[in-house]
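Take a look at the structure set out below.
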Amino acid sequence: MRKCSLDSINKIFGKIAETNKLYLPVDGSDGVAVYTKWEEGKEWSNALNTVRSPKDFFFPQVENLMEFKTSGKNIELTDIREEAEDFVIFGVRACDVRSFDILDRVFLTDPVDSFYASRREHGVIVSVACSKPSETCFCQTFDNIDATNPLGDVTAWKTEDSVYFKANTEKGEAFMKKIESLTEECDDTAVAAEKDKIAAIMKKLPLKDLSADAFGGGKTDTFFNVPEWDELSATCLGCGTCTFVCPTCQCYDIKDFNTGNGVIRYRCWDSCMYSEFTKMAHGNNRLSQKERFRQRFMHKLVYYPENNEGIFGCVGCGRCLAKCPISMNIVKVMKKIGGKVNE
Amino acid sequence: MQRVGVFVCWCGSNIAGTVDVAAVAEALKNEPGVVFSTDYQYMCSQAGQDIIKNAIAEHNLTGIVVCSCSPRMHEATFRKTAAAAGLNPYMVEIANIREQCSWVHKDMTTGTEKAIILGKAAVAKVNLNTPLTPGESPVTKRALVIGGGIAGIQTALDIADAGFPVDIVETKPTIGGKMAQLDKTFPTLDCAACILTPKMVDVAQNEKIRIFSYSEVEEVGGFVGNFDVKIKKKARYVKEDICTGCGACVDKCPMKKNPNEFNLGMDNRPAIYIPFAQAVPKVATIDPNACNMLKNGKCGLCARVCAAGAIDYTQKDEIIEEKYGAIVVATGFNPISMEKFDEFAYNQSKDVITSLEFERLTNAAGPTAGHLERPSDGKSPKTIVFVQCVGSRCDACSEKGKEYCSKICCMYTAKHAMLTRDKYPDTDVYVFYIDVRTPGKNFDEFYRRAVEEFGVKYIKGMVGKVTPEGDKLKVQASDLLSNKQLHIDADLVVLAAAIEPDKSARPLATMLTASMDTNDFFTEAHPKLRPVESPTAGVFLSGACQGPKDIPETVSQAGAAASKVIGLLAKDKLTGNPCVAHSNELMCNGCSSCERVCPYGAITYEDKEFRMPNRTTKIRRVASVNPAVCQGCGACTVACPSGAMDLKGFANSQIIAEVDAICK
Amino acid sequence: MNKNFIQEEILRSSGVNPKKCMKCGKCSATCPAYDEMEYHPHQFVSMVENGDIEPLMNSKSLYRCLSCFACIDRCPRSVQPAKLVEAVRLAVVRQQGKNHLTANDIPELIDDETPQQLLVSAFRKYTK
Amino acid sequence: MQVKEYKPLIVAFCCNWCSYAGADLAGNNRLNYPADVKIIRVPCSCRVNPMFILRAFQRGADGVIICGCHPGDCHYTSGNYYTRRRMAALFSMLDFLGIEKERTRVEWVSAAEGAKFAATMNEFAQTVASLGENKRLEDLRCKK
Amino acid sequence: MQKITRDQLVEKAVALLSDGTVSAVLGWSRGEFDYDITPAVFKSAEEVKENFVWNDFCGANFSKYLVAQTGKVEGKILVFLKPCDTYSFNQLLTEHRFDREKVYAVGIPCEGMADIAKVREIVGDGIVSIEDDGESLKVSTLYADAPVLVGAKDVMAERCVNCKSKKHVAFDELMGEDGEVIESARFDEVARLEAMTPDERFLFWQNELSRCIRCNACRDACPACTCEKCVFDNPDSAVENKAPANSFEEKMFHIIRAFHVAGRCTDCGECSRVCPQNIPLHLLNRKFIKDINEFYGEYQAGAEVGSRAPLVDYTTEDLEPGEVFERGDQDA
């Protein structure tokens, strides 16, 4: 374990930025933290989290896949893939770190999404423990997310005056090497204290008792037709806010854009809340907002764990709790249809 | 996917001179959907049309693009060609590579590049065209003629002759118009009244014709075949059906000193009057601004002397509503005001007059009973100067005059000069001219007779100024051929004033939604091929409202307009423009935005039941467009927020395709 | 100096388009100095149009035009003959290389035949 | 290397009855205007949807002009009055977003105003050229 | 902050449900915290008694829900309308978007709603409870030892600070006292932007709109955006997309959306309230409202049912699009 003083953290950023693009949460003009490319003068935000999750760096909202041109009956394809450069995402919270595991299971299983895979290969994730979790946090509901000791290539702890680093992977070791001269070796006393402090707060969180035990693979029939869906979805506006701020939502649509000089085939995020989602030749397969609403939560709580060894498709980051225009969210859904709160 | 054929026209050298037509045809070959592309000298010719027809059959074309002149010129032609070959006529698009390309660009490269882009845009559009079928609407078999001059009279007579009822609306108390004020007519010199008044009587006696004299068109609604017109019949305070036109009231009326409009104010008429002896209808009219009874409630003399009891001081304006299948505009002309021509002293001397005033001065029924007398002192003029082109042929930015040639002045001036010399051989008659324009049957011969037989002095040059001095008019003029400045002491100066459309034409055009040129002459649907039709369907043009004309031309145009009207009224049904708006009910919100902007009231709403998910239904209010009433402006398409309203033939997708093609 | 060049200069500096002329002669009909002039206003227009400028420049009557602008006012085609006359005068002055004038130069230039108007306009033009 | 002369691309929406005819008249009278002006015929200026205008900018247009009958002369009596309101609002909004107001214009050109059409296009093309390429409403994907 | 109490509203709703006047209630439902309130359709008195909530976070405008709910519910539906909601209510009626006969509208006074983001700015994260004591909010957090008092006015939402009207323009029944139309300073921010140079404005909007993630929350919450099929969802419309592919599409979306609601937008402010990226979208709508007021005379959408929206109206004397800027230049 190594540490540096909080005051000198910008030196570390400078060092990393020499060789890699470095992204970290920076307060925007409206005071809200946004993952921003670090450059001299940008300060690491004290905010707990960003509105948009770090998923964007591996699975951007819009991504061009290829270009093609037709002339007469000929078609000419161009691979426009840009080889991803090495980059570092700094300050990722435990919940968001877990989201990469969830995304990996989708994008890195056969057939591998080579665009995503390439970015994962080139990206180093530096996580940071949550010293001040919010009332909307409920990562404890899901197994193996530890806000006191997040995963990632490197784990960091930020205390009053210092930042502590610990490498978890080979990429992490390389990262540590790079900042070696700016950090000093230390023991884990301070980190242990910080962990205890966080653990104490976690026990006070209002959603600490939320349990996902009622959900999981094989529960489709249990929940699919419960009458509560009507009530829960009654005032859903059908916007895509929850899906677009969600670190684990991974649906996209592939579209063609005719530039006049050829066609760009690109993909962009899609939302199961949208009426046009997965529209097929026969029309839409989920016609009502209730069905679309149900799909999203069933996917997170039942379908995904069913296909992925019981791992839930939610990480408890709380973004949807904060951002849904009508304050409807997965917690309300779990409580309503999941029966009892964990005692 | 369409199978598109592209046909590039050379238009002789009009297009081929600045556009490499072969290159255009070649370039368009590679556009999506294009399966055939060629070029030819004259696509609009029979041979050119045959190329199109053959290609449609041979290549099984589903759409064609003709790169040629403006669609305003030959779109209809090529639509017919397509139809003849079995293709829906609305599967034709025109790329305007003449008016908007070869004629405005001088350089071959530029012209060719642009022509290709315009062609691509047309191909992009036609790829999205769908076959359209025009709707049908019934035809009201009655025509309206606005204006009762010789143009209106002839049109009405010809239409009535074919058996269709016609109404004439005339603002004056009598029909007859300008021609009734004329003395003789060129080049035959027959008396205007002798040839006009029998026609007026014919109109009066024709059972198919109704005359609304002293009336104006108030409002026009509807569309071709189905116009709804409101006509205001102004109160004349005389019961038209009872008045016998005996004239007793006119004789007895004490309010005698009112300028007589018919004689251009050169003498007076009573407050109750009949404009002239042969007026039709021959009915008295009370001038409410002059009648003491109407103004102050004192007098009532005319009512007392009227044996028939036709006087009715309580008469009110009356609104008549009638339906018409066709409307003919025959609003005629007026001489322009001479007020601004200070140099000719029109305002300073009574002896400077216009040609129309001269006409009344020489007319046997005029203020001087046909004796040529000076308006100022009644003396016979010994030297008369005629000035041509007063206010005609002016610069476009002139505030005084008009840019166009008034066409009739050369001939009537020759007539006036000749008649003066004929009746008063001791009078010196000078005519100052810029050019003498006599293109007409027997016109030049007429002019030469004035010079050679009657000794009228034609001087090439212009009058620069007229100065009244004593009882003379000092005329300073140039004689260009002898390179001299002339100074003539004249007794009378006659100005050949330019003519302009009647002032009522502009508001009428607005009511009719018929277009006008900057001079307020009505525009034709095509200057050569459709000269008597306005671009607004069902509105036809007769006489000088369309441009300056003499009587023979007016009469022939009147007949032509009548034949177009007859052709329209003979149909039982009209096929409409299929490029109308239509609403996609699935997307319509029923919000009424479209209804509010529709100028024709073509959009109505109905509650419809829609299938919803899970076997439920929902009743929603949705818009529907009446295709017979819709004129296809597209205002609704933009007012509609959901994009449910679209326009056939000019669909959102089609216009966007054109934008994309152009901006490539 | 080249003939075409002078013609172009005259057209440019006057802003007159002689092609607009319809040869009605109203300018000459209205001209108060007509009889004093060797070439009359309508001839000015047509001669400039034809590039026949030397006779105009050499004509003594060039300065007989009073610049009263009656021809400009009356011309139905807005040709503005008086502006052409002025432009030809300018061409003459230019050719003589006399493009500047001070108030002191004026008295000796005055003779009885020079119109006042000319002096004023010349002064305005050459003292900028 | 020779620098390609910058020529603005201008899309002109012309109503069928007045302005398109005015453009034809400009052609009849052989009045020049830049070839970069491309005309799209619409039945009435009120057919022009703001989406078409944005689309043109997206696709690489540097200026968009809408021509219709003079107010009061609309073939459909009132279409151009709606155009006038819509475009006044839209242009003001574009300006509010900082997009050069000179790139958009509404001009009334009658069927008799061939000269005005040509003069307007010349002037507009010049104005747009002086602004340079449309950067603020461009879609880089379409600029290749 | 609110003058009317939850109990009064619950009493009203229960009474109307019980006497059969209405068969459903559109109201605010209790959330996990004191601020995350969800609009809900209550079908029984029990549900109302248990979950109905009324506090300073009941900002949601229910008018739009009537479009869907009037078609779903048998009998009448009770809707509680704050003054600003009544304008949207009228505008939707003008556009025939729901059946007035199926609605029982109760107007309720509103003293302005709080903005949780503003609360957070003051007290920080970890809010566990918020109590309203009339003048201020008592906020307890995970990290402060004692509850923090924040002034109600200090955390009032922007749209409420610039409230345009406390007057109800539509209702079947009014609870509490009606207010008046207010001369607000709501156009000041628009005017401030107008006074900037075009370059500054461009940068301002570039910065704001670049954050857009096209979640469509603004559109989906907007009571004027009730289209059966939005052009941005319609693959045939040529503007459809599910994400803003670049800065052009960001601008296009917001220009077209604002244009589509121009003259119809009542300035309720829902768009900005729901934007997860804090883009001040209401400024675009207000720009149109301000322009329309200046060009064509004062017009308040929804002030009365059946009024003709300015963009589907005209006079022959309207100013020319070019004159819009001459006017602006004079101002500057």
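Should a chain be cited, it is by its letter among A, B, C, D and E, assigned in written order, with residues numbered from 1 in that chain.
Basically, a contact is a pair of C-beta atoms (placed from the backbone, for glycine too) under 8 Å apart; a residue touches a chain by one contact, two chains touch by 3 or more.
Since the structure is predicted, the reported quantities are computational estimates derived from the model, not experimental observations.
Engineer: Where the contacts of chain A and chain E overlap, which chains show up?
Structural biologist: B, D
Engineer: So which chain ends up closest to the centre of the protein, judged by Cα positions averaged per chain?
Structural biologist: D
Engineer: Top contact pair of chains, counted by C-beta pairs?
Structural biologist: Among the chain pairs, B-D has the highest number of C-beta contacts.
Engineer: What chain lies farthest away from chain C once each centre is taken as the mean of the Cα atoms?
Structural biologist: Max centre-to-centre separation from chain C belongs to A.
Engineer: Could you grab the centroid distance between chain A and chain B? Build each centroid from C-alpha atoms only and quote it in angstrom.
Structural biologist: The separation of the two C-alpha centroids amounts to 73 Å.
Engineer: Measuring from the mean C-alpha position of chain B to the mean C-alpha position of chain D, what distance in angstrom results?
Structural biologist: Once rounded, the distance between the two centres reads 30 Å.
Engineer: Can you give the whole-Å distance between the Cα centres of chain B and chain E?
Structural biologist: 55
Engineer: Suppose each chain is reduced to the average of its Cα coordinates; what separation in Å results between chain D and chain E?
Structural biologist: 36
Engineer: Of all residues in chain D, which are in touch with two or more distinct other chains?
Structural biologist: If we look for residues of chain D contacting two or more partner chains, we find 50-51, 55, 59-60, 72, 78, 82, 86, 141-142.
Engineer: Can you pull out the residues of chain A that are in contact with at least two other chains?
Structural biologist: Only 257, 260-261 qualify.
Engineer: Where in chain C do residues touch two or more other chains at once?
Structural biologist: none
Engineer: Hey, which chains are touching each other here?
Structural biologist: A-B, A-D, A-E, B-C, B-D, B-E, D-E
Engineer: Under the touch definition given earlier, write down the residues of chain D that touch chain A in their complex.
Structural biologist: By the definition above, chain D touches chain A via 59-60, 141-142, 144.
Engineer: Touching residues of chain A toward chain D in the complex: what are they?
Structural biologist: Residue list for chain A touching chain D: 257, 259-262, 264.
Engineer: Provide the residue numbers of chain B that touch chain A in the complex, in ascending order.
Structural biologist: 30, 32, 613-614, 660-661, 663-664
Engineer: Looking at the complex, which residues from chain D come into contact with chain E?
Structural biologist: Interface residues on the chain D side: 50-51, 54-55, 57-58, 71-72, 78, 81-82, 84-101, 104-106, 136-141.
Engineer: Using the touch rule from the top, collect the residues of chain B that touch chain C in their complex.
Structural biologist: 343, 389, 391, 393-395, 397-398, 400-401, 434-435, 460-465, 476-480, 483, 485
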